[in-house]
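Chains: A, B, C, D, E and F, in written order; residue numbering restarts at 1 for each.
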Amino acid sequence: MAQLHSMKLINIVANVTLEERLVDLAEAHATSGYTVLEARGAGSAGLQTGVLEGGSNILFMLIVPESKLAEVMVDVERLMKRGHHLACFVSDTQVMRPEKYSG
Amino acid sequence: MDASNLLIPAVMFFALGFLAQGVRSDLKFPPELAKALSIYLLIGIGLKGGIELSHADLADAVDAVIAALALGFALPIVAYGILLAGRLDKLNASAIAAHYGSVSAGTFLTAIAYLSAQQIEYESYPVIMLAIMESPAIIVGLLLARYSRGNGSTGADDARTHHMGELLRDAFTNGSVILLFGSMAIGWSVKPDSLATITPFFSTLFMGALSLFLLEMGMEAGKRIGAFRRVGAFLVAFGVLMPLIGGATGLLVGHYWLGFGEGGTTLVAVLGASASYIAVPPAMRLAIPEANPSYYLTLSLGVTFPFNVIVGIPLYHTFAARLAGG
Amino acid sequence: MDASNLLIPAVMFFALGFLAQGVRSDLKFPPELAKALSIYLLIGIGLKGGIELSHADLADAVDAVIAALALGFALPIVAYGILLAGRLDKLNASAIAAHYGSVSAGTFLTAIAYLSAQQIEYESYPVIMLAIMESPAIIVGLLLARYSRGNGSTGADDARTHHMGELLRDAFTNGSVILLFGSMAIGWSVKPDSLATITPFFSTLFMGALSLFLLEMGMEAGKRIGAFRRVGAFLVAFGVLMPLIGGATGLLVGHYWLGFGEGGTTLVAVLGASASYIAVPPAMRLAIPEANPSYYLTLSLGVTFPFNVIVGIPLYHTFAARLAGG
Amino acid sequence: MDASNLLIPAVMFFALGFLAQGVRSDLKFPPELAKALSIYLLIGIGLKGGIELSHADLADAVDAVIAALALGFALPIVAYGILLAGRLDKLNASAIAAHYGSVSAGTFLTAIAYLSAQQIEYESYPVIMLAIMESPAIIVGLLLARYSRGNGSTGADDARTHHMGELLRDAFTNGSVILLFGSMAIGWSVKPDSLATITPFFSTLFMGALSLFLLEMGMEAGKRIGAFRRVGAFLVAFGVLMPLIGGATGLLVGHYWLGFGEGGTTLVAVLGASASYIAVPPAMRLAIPEANPSYYLTLSLGVTFPFNVIVGIPLYHTFAARLAGG
Amino acid sequence: MAQLHSMKLINIVANVTLEERLVDLAEAHATSGYTVLEARGAGSAGLQTGVLEGGSNILFMLIVPESKLAEVMVDVERLMKRGHHLACFVSDTQVMRPEKYSG
Amino acid sequence: MAQLHSMKLINIVANVTLEERLVDLAEAHATSGYTVLEARGAGSAGLQTGVLEGGSNILFMLIVPESKLAEVMVDVERLMKRGHHLACFVSDTQVMRPEKYSG
């Protein structure tokens, strides 16, 4: 197989109303794209059953080259500082075509 | 006030959902179904309102609109005051206040079903007031929050929600507001025979769809009871007290200001008493992110909504009947 | 028995879905749609049952309930015996048995559509029996499993499902059971004119919604055929044999015990013959986790359901007609 | 051509969705809802077509089918030529061409609502043509792509889509094709009184469900405008030019070849003018993976669909009226 | 950006009927919350199309500090021992605010 | 707790029409199963709102022993070479019962 190259996978679980902001964030950092999954759950903001918009989560996934991680996280931190309730976790991952993600 | 009046499908399906949750049934609803139903119901109300509007007396309509704006702006301020008096932090108080200035379409429609079951006539203007009342409450909430934050510095980099222009924009492009006003415009402008083609879908099915929606909302309300301890006795009490204040205000506005009869006055009381759980929570998520959603969702959905459906509506109606009768 | 009787929408949409899967069409259904439709259908049946019940003869109703309980308790034991005779392990046998003691609302409703298309009258009690029959089967399944496990030790730390109290609780708080009994109570207690407001939604649309549901179930059934090799010839044969046993039992119960006519006897036969694929699988997931879901889902959904819809219903009806005629 | 003719629910709900997107409203639709509605609408059309077919004149029906095949095969080739002339690469050209040879049920139904609102009669055959026209366009698209790729080598290991047999199979097992022909067969074969049981669901509600669907499609169309810069001026222009060519061709075919009146000719024009955004995109995803979906989705959904709904339908109707009048 | 701290991400794919138990498990271990996504798939329990409740999966995600991993996994193992059909896989991940997850 | 064993988690985000092919791929390599989640997003293939089938993504997850990774990736690469628009990223993960995934 083609060799694999290291990337960072940024995961953000937040209320669905934040989706537009997260998409803006992805575009601001010129990522190759983004992925969104509908989710429910619970946390400091309480129960998110996914039934009403005010109580529905998304899992927002962003693959970025390690070089971009810091700048993206600064923006995520800004959202948290502003008070938005979200869980953000970053994992190592590997891809076949690094150029695709290094816009 | 006769309890058997509560034996209408809307109320009973709500109770069924609440009960299912109470016995920890494994009954599950597809989340998308509630979202689809709420869109359907908002369009249905909007169309109805638009049709009413098309043969409404303009002066009366304007009067109702002004009254709606007054309620929408006044009630959140009252709520805010009470919440601060209860030592709640300002940002949570602002967010919760916005919910009580706005309305719950589900509660409003239950009231309509309640009146219809007793063949009680009601004026058409409250439907228009419902559509009006979403926005002012959101705006007041945002203004209270800005004031609470002192200088807008924290919001500096979130221009989109914190500048006055954006603030108004968000209040009027709110999904529910767009659906209500959009379908109201459609109901108002489309020729009757052309509207008739969509009547079977949006009107004939309406009460059945409402029952299904309330079944799911009953479950949602039931799920919130677990959070009562977390939000505390004061807020739970507020969730019962505030609808009484809003309801009383609505009774006075409906009877003395707008001169409505038994039915219309009951509906205005319900507008005042009910708290939003569809339109306002997403708005507050963005505008007052610092507030804790579990507070306002638990209050509007877990406390005030069931209280209004089971106790409030018959209560407001009893007083509305007295006023009309007297 | 005239094949053209099968040319009813319910059966044909089921066949269409089955066929779409057979030709490996890329036709996709939103999963939530099937869940929403099954909730809608259960409520619709419940309301119908409740209305029937409100003007039913109590003695007859009680008789039907007892017969339903008898079927619900007896059939799983028969099934269990056959499955053990076929050398299936006890836990899988218990789980599968529970499915055959319970019923399939989809099959039952197809039978009603089948009878209606031929203007055949049927008694109202089978609808009530349908609601009754979910729980006993689940209970028997759990009892068989406990007995199969020998001492409950393995279940020791899963008190919630293994103590008798919880066992009954789970059987009666099952989502489908709650929906059926809840809406039955609503249909029974709400005044007719008030019920009329939701009739267009839950009754007028019923057969159309059923067709859409069966289209999706046809696809689901088609997807299970791939698992036939996996479950083996014996179990597939069981999936055809057991409905014949259940159907025959139902014929006898309906005709001789309950004294029903051609229509009612057919429906009781269908109750006996059909296997649950909505209410019981989730119950077994929790109560008998050791059993393999691909066994019971493949049998109830992939074998017995299509068999009953295409072959069983007309067959049971033919015999019911003979009995009634004789 | 009177603009007030556009004041029909279908068009106005589409406009509302488009507008909601334009003002960046946070209005959200459950994705599953659009999928469920499109399934519902396709079945509804199919049933209607089947019923029409059952009392259609066979010779005329065959004639309409042949005309549909002719349009389905010819238009993609025209589109392909124009796109190559515009220097678009062959594979994207093939994929886009297939969309324009096929049809948009949403546009077609809007046209029917448009005609009905003006009490204009229309022939029943176009409904049948609609079902026919999905497949040929897909086939031509695949053939163009194979030819573009030169020797099939690249496809060597993707036998499933590149061998002629599979190619035809995919074109005919396409989900939309199965739904249309399947429900057409049901509408054609089921006895009227039996069909009547599902009419309230699939026919009475149809126009209302269509409005809800178009509201969501309006939002989808609005979301695509952002991609206009990406696809470029030439393709956007093509998205307006091609429906005019297809519409003109449809007008000629409808009037001179099929001898339809004002209504029928308008519908044939719409079949020619509209581009698929439900059936064909998934087919192209598999058959021409190299093509960029953002091209064909932006064109069919973001350019041609709104153009046809707002400008095209009244335009084609005006000319159809002239032809019929002359 | 703020420094990142190591956490464990526990993923469990199981039938939706198990959701209630998994939520109880999360609460029993006082995690800061949990996330649930609807899923379909196939495995030893057969095809899970997501259409019927008995054949619908969820992906249950739990972020825990490494110190909590062992105790949580013991409970997950108990579920498997009882016969429940599930796939559980654990990944390393990093978060900005470790205190949030160390309830 | 039982000891954890290393596995590879292959994630593929692609249009829903590719699901059938990815399932065939999983079966061809005799994995113990697969998991599918519905997703939306954006990338080189444009906006995928999840509303229309032609614009709906899935997240396809495959847990495989490291020994199988290479062969699976070869097939994924073949799909990409054929022109399919997809994002594939591989992460390290750990499971309790390795034998389950080493079919």
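Here is the rule we go by: a residue touches a chain if its C-beta (ideal position, glycine included) is under 8 Å from a C-beta of that chain, and two chains touch if they have at least 3 such contacts.
This structure is a prediction, so every number in the text was calculated from the model and none was measured.
Student: Could you name all chains that are in contact with subunit C and with subunit F at the same time?
Tutor: Correct list: D, E.
Student: From subunit A, how many touching-chain steps at minimum until you land on subunit E?
Tutor: Contact-graph shortest path, subunit A to subunit E, evaluates to 1.
Student: List the interface residue numbers of subunit B and of subunit D, divide the shared ones by all numbers used, and answer same when the ratio is over half, different when under half.
Tutor: Counting shared over all numbers used gives less than one half: different.
Student: Taking CA centroids for every chain, report which one is farthest away from subunit C.
Tutor: A
Student: Given that subunit A is a copy of subunit F, what angle of rotation, in degrees and a multiple of 5, matches their CA positions?
Tutor: Between subunit A and subunit F the superposing rotation measures out at 120 degrees.
Student: Distance between subunit A and subunit D based on Cα centroids, please, to the nearest Å.
Tutor: Here the centre of subunit D sits 37 Å away from the centre of subunit A.
Student: So how far apart, in whole Å, are subunit B and subunit C when each is placed at the average of its C-alpha atoms?
Tutor: Each chain reduced to its C-alpha mean, subunit B and subunit C end up 40 Å apart.
Student: Taking each chain's centre as the mean of its CA atoms, how far is subunit A from subunit C in angstrom?
Tutor: 44
Student: Find every residue in subunit D that makes contact with two or more other chains and list them.
Tutor: In subunit D, the residues touching two or more other chains are 26, 28-32, 35, 175, 200, 205, 282.
Student: Could you say which residues in subunit A touch two or more other chains, in rising order?
Tutor: 16-17, 37-38, 40, 44, 53, 91-92
Student: Output every touching chain pair, sorted by label.
Tutor: Those chain pairs which touch are A-B, A-D, A-E, A-F, B-C, B-D, B-E, C-D, C-E, C-F, D-F, E-F.
Student: Under the definition above, what is the set of subunit B residues touching subunit C in their complex?
Tutor: 7-9, 12-13, 16, 19-20, 23-33, 113, 116-117, 200, 204-205, 207-209, 211-212, 215
Student: Using the touch definition up top, name the residues of subunit C that touch subunit B in the complex.
Tutor: Contact set of subunit C toward subunit B: 30, 32, 35-36, 39-40, 43, 169-170, 173-175, 178-179, 182-183, 185-186, 189-191, 193-195, 197-202, 205, 282.
Student: Under the touch definition given earlier, write down the residues of subunit E that touch subunit A in their complex.
Tutor: Contact set of subunit E toward subunit A: 1-2, 4, 7, 9, 23, 26, 32-38, 63, 91-97, 100.
Student: In the complex, go through subunit A and note every residue touching subunit D.
Tutor: The touching residues are 16-17, 20, 53.
Student: Quick one: in the complex, what on subunit D touches subunit F?
Tutor: 29, 31, 34-35, 38, 91, 154-155, 157-158, 175, 216, 220, 223-224, 226-227, 230, 277-278, 280-282, 284-286, 288-298, 301
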